[in-house]
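Which chain is which? They are A, B, C, D, E and F, in the order written, and residues in each are numbered from 1.
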Amino acid sequence: LPDWPVILIVADDEEAHEPVEDALTDAGFEPVIAESGDEAMSLLTSGAVGYRAVVIDIGSQSSINGWAIARQAREIDANFPIIYISETYAAQWASQGVPGSIMLQKPFARVQLLTALAQLLNASGAKL
Amino acid sequence: LPDWPVILIVADDEEAHEPVEDALTDAGFEPVIAESGDEAMSLLTSGAVGYRAVVIDIGSQSSINGWAIARQAREIDANFPIIYISETYAAQWASQGVPGSIMLQKPFARVQLLTALAQLLNASGAKL
Amino acid sequence: LPDWPVILIVADDEEAHEPVEDALTDAGFEPVIAESGDEAMSLLTSGAVGYRAVVIDIGSQSSINGWAIARQAREIDANFPIIYISETYAAQWASQGVPGSIMLQKPFARVQLLTALAQLLNASGAKL
Amino acid sequence: LPDWPVILIVADDEEAHEPVEDALTDAGFEPVIAESGDEAMSLLTSGAVGYRAVVIDIGSQSSINGWAIARQAREIDANFPIIYISETYAAQWASQGVPGSIMLQKPFARVQLLTALAQLLNASGAKL
Amino acid sequence: LPDWPVILIVADDEEAHEPVEDALTDAGFEPVIAESGDEAMSLLTSGAVGYRAVVIDIGSQSSINGWAIARQAREIDANFPIIYISETYAAQWASQGVPGSIMLQKPFARVQLLTALAQLLNASGAKL
Amino acid sequence: LPDWPVILIVADDEEAHEPVEDALTDAGFEPVIAESGDEAMSLLTSGAVGYRAVVIDIGSQSSINGWAIARQAREIDANFPIIYISETYAAQWASQGVPGSIMLQKPFARVQLLTALAQLLNASGAKL
């Protein structure tokens, strides 16, 4: 059983996932990286670990379709907390994002990511 | 120039759009009906009328892909207020809906539709 | 199957429940009255009708402990929408109410009750 | 003692205050009109009536400085619910409005005004 | 006079209160521990210190009835910010918690507690 | 091009701006100080740097009228995120603050400032 909330990071590029991974580790989360869409979906569906949220990098060079992964994650769990981060594609969030998700446009400060994650997690357990 | 806020209703079936149309008219809105996806998109893009919101029926018999229309509307205007109504497909909203939209599951009371619409309109002019 | 959302009104006194009943009926809801705590709980637990929300009158002369009924309703369904109405006991809501409930202090206008109910119902189906 | 929530309408022009007055009366509120800034302030400060909210018309021909009246009302009661309505000056709200107020841009449907008012009133009694 | 916001932690068990105490201290708060319900209530009622919020551990071995302490704190101050933390009893929050409180289910990351506390404190001074 | 979100701090007194500056730097923001109202306005209007938010100290000894600076900033950008901090004048926020701003009363913990800033920034990019 994990001692800390496990967060899935989806990014195929080390430059993209490393700062997110570091920020989450320092804040007391346990990050797991998926470097492809297939890996992300097999981790979410395996049920071996109860992921509490997913952080998806929407990158211009990425081979991963992050918008589609978020939709698949919500088909598994309609309340799944989802954060997108992007430099170039933030404006697509209004048409491609899922309800209740958060889009963080780069550059952002570490505390913006952590506050977004904490807000979604604190609300997801107890929505009243 | 319209005297009242104009609302686009997207539903290919008279049984679906009539009660929505009546509720909006009685409440002081001016409803316009689109009975196909093409008609909906040509009304939204023509610019002849400034639609203030769209109400989309997601129906099992409908030939209209309501989820796609909402995404196209948000590509035109990232803040466009969107309400979906559905009997059978409400559960798909978490994966197929756009951020900040509202899903009303049938059966609902008239006041639920009007309150949802008023909340989105009141917020869209002045988001602070 | 009911055609309209069914709302349970809990009030042992006709003067208290009649205006609520009238407002809900006119707005397209189907109200059901419980005139005692036992009746309220047996209606909520029987499962014969899917109540969508409860409106509880907290009255000085009432033999019903409305705060306790709300807690029991939330033990059955943790997301159950709850509205309290009161003239004298509104200030107790901060210590006796349940999370996510709404307290309406009398006198209030009909539209305040309907807006409160519509907000809770619209949010309860789709919390994101 | 008033039987209904009393709402102050501030507008020096009959064309501006009449539709607001009618909407509030029909919805179960008791509207009172102030046709000048001095009248508005003397009504708010006299204490003879407990106004529950104020609706201020920000009009191009008006001799009333509606932004200043809202600030004075908030000096008396820091939680006072305030709604502005305007055709021409809605864009000034972001710099001239007070925190927690609502701006309704004309044209709006009656239900937008009533929903805005109900939301502020329902929240003002019980802010949690 | 304290230089930092003073937060009351209610937990009878060192294992429960120590990580909370450390997180609050590192973030610039001044935590005070109450190890029994009586101590908690006498600290809250004495008036010697102006506590800004309370964090209550709802533990299976605890002799403290945390739900009751929160209700008593709200009788003293209807706006008192309240956070519950629990491993086993988080599901009871919907029926036993007070309005506007936050429930954090263990395990949680430090930043979840700090964000919850900051949100309640930032809102409690200025609710508009 | 800046690598981090740039935040403008408005305070004429080193004791006031230093702790804010340190907190922002440690959290990954790039703070810029304005020590007069004229300097603040010329920085905001020059367009050389895209400030993402402003933190304004409302101090008793200050020669800066912080309330006026916030209004001017909102005339330039209606969505500009604004945080006020004050020891003595927090109660004036309800009448003098702008819509959607946050008032932090001193003393506050660092995490309160950072959470307030992160919430406003996360919402300002994507208001839905």
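Heads up, the rule we're going with is that a contact is a pair of C-beta atoms (placed from the backbone, for glycine too) under 8 Å apart; a residue touches a chain by one contact, two chains touch by 3 or more.
This is a predicted model, so every value here is computed, not measured.
Against reference pair A-F, the listed pairs C-E, A-B or B-C yield one interface repeat, B-C (criterion: more than half of contact pairs the same by residue number).
Comparing the residue numbers each copy contributes, subunit A and subunit B share more than half of them at their mutual interface.
For the pair subunit E and subunit F, the distance between mean C-alpha positions equals 29 Å. Mean C-alpha position of subunit D lies 38 Å from that of subunit E.
Each of the following residues of subunit A touches two or more other chains: 78-79, 93-94, 98-100, 114-115, 119, 126, 128. Within the complex formed with subunit A, the subunit F residues making contact are 2-5, 27-29, 114-115, 117-119, 121-122, 125-126, 128. Residues of subunit C touching subunit D in their complex: 90, 93-94, 102-105, 107-112, 114-116, 119.
Taken in their complex, subunit D has these residues touching subunit F: 71-72, 74-75, 78-79, 91, 93-101, 103.
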